[in-house]
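For clarity, chains are labelled A, B and C in written order, and residue numbers in each chain start from 1.
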């Protein structure tokens, strides 16, 4: 499994703040035995975010593209809007499950505006910006990402559950 | 209550696979004392799905239109996108409740991309493709469908709860 | 905190029914120590709803704009559609949390079609129309509204949690 990680942060993009969330996500992905094939840091600019995500999907550089940052209420938080422009098919259940999971930890979980969806054969998932919240949200969806990608890539399913889940 | 059931499946449309989900849903609907007035099987083609749904609503052939299949991650799964094009007003709470219910059974529940919404006086609800998952999801929303249709059709409410729920 | 409250109801707009939900919400807001700076009652007309919400946001007359009514299944219930036209960035977690909370009280909770989102520096939240359901839904999001507005207005955070939550 090839995973790409995009950190969205004005301050990290300007080199004023170390990107802690990207490396934290990478550690989690690699602990799963997966490979991080792309990483990038961009400012909170809708077009910059959209362009990176589209390139990763269109050039098939990863099966899953994770973003961290820009999903909140600050005026420059536009990662969900940029992601909406990139995806062709939305997968709302992933975002709902991540929010429901974080709501169990803190009521602030309901403030995450993240979305998830599919562009071509790549699944894009928005995660929060703090290292802790990003990792918690990834943990929520991690158990289903392999199956999601198998369906998306039309790979044979281990337990013969393909027909059931694809529908 | 008149219910229409649309099975979305390439293989069933080609006659290569028996449609098990449509009949399973019909049994559940009839056990409720409701009438299945329309059934159809179409391929995973956005325009074909949209056209059937629109005709059922525009010709008022049912109060509720259920779909089964095409809500997953496979490349040809486009039932939610076709449904979005058919509906005029979204009813996200139904889809959220079905996913939350199926998440309690399996983490794969978060992969359902189904939507629900209203076109004219008909409620459209996307259900998963497997017979079991389709029936479980229908069971989740079944208790509120009668009330939803009463509001949609401006029928008097049994318990005088109209004002409360319509608002 | 300045809060605006919009009651959406044909009958209240015609003076045929007393608006009970608006005052009930006002009492809850004031009990929190916040100020209600705007109130209005409009009919279930998409353009009328949209126009009031946009004016309140564009003239910065409130930090939070609450609506009550028009989120259900009746043919004239169009508050979510009007709100979608007003907002620039959606905040789906607030609507999901309100529905999940009301589902714990009644299965009819899944019929609320309310949305939440941001226009400029104002957060708009759709609440149901009945006084009881409107107040219950407001109670669900009340604990996070102050923090949401702090982020939206780029105000310093009390507990230094700004960086964590803004992302």
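By our rule, a contact is a pair of C-beta atoms (placed from the backbone, for glycine too) under 8 Å apart; a residue touches a chain by one contact, two chains touch by 3 or more.
Since we're looking at a predicted model, the values are computed, not measured.
A.B. asks: Nearest 5 degrees is plenty: how much rotation brings the CA atoms of subunit B onto those of subunit C?
C.D. replies: 120
A.B. asks: With touch defined as above, tell me whether subunit A and subunit C contact each other through largely the same residue numbers, more than half shared, or through different ones.
C.D. replies: Mostly different residues form this interface, as fewer than half of the numbers used are common to both chains.
A.B. asks: So, what's the distance in Å between the C-alpha centres of subunit C and subunit A?
C.D. replies: Using C-alpha averages as centres, the distance is 29 Å.
A.B. asks: Hey, what residues on subunit A touch two or more of the other chains?
C.D. replies: Residues 96, 100 of subunit A each touch two or more of the other chains.
A.B. asks: Which residues, counting only subunit B, touch subunit A once they are in their complex?
C.D. replies: Against subunit A, the touching part of subunit B is residues 9, 21, 68-75, 77-78, 80-81, 95-96, 99-100, 103, 107-113, 128-130, 132-133.
A.B. asks: Where on subunit B does subunit C make contact in their complex?
C.D. replies: Per the stated touch rule, the residues are 89-94, 96-97, 100, 118, 121, 123, 141, 143-144, 147-148, 151-152, 154, 163-167.
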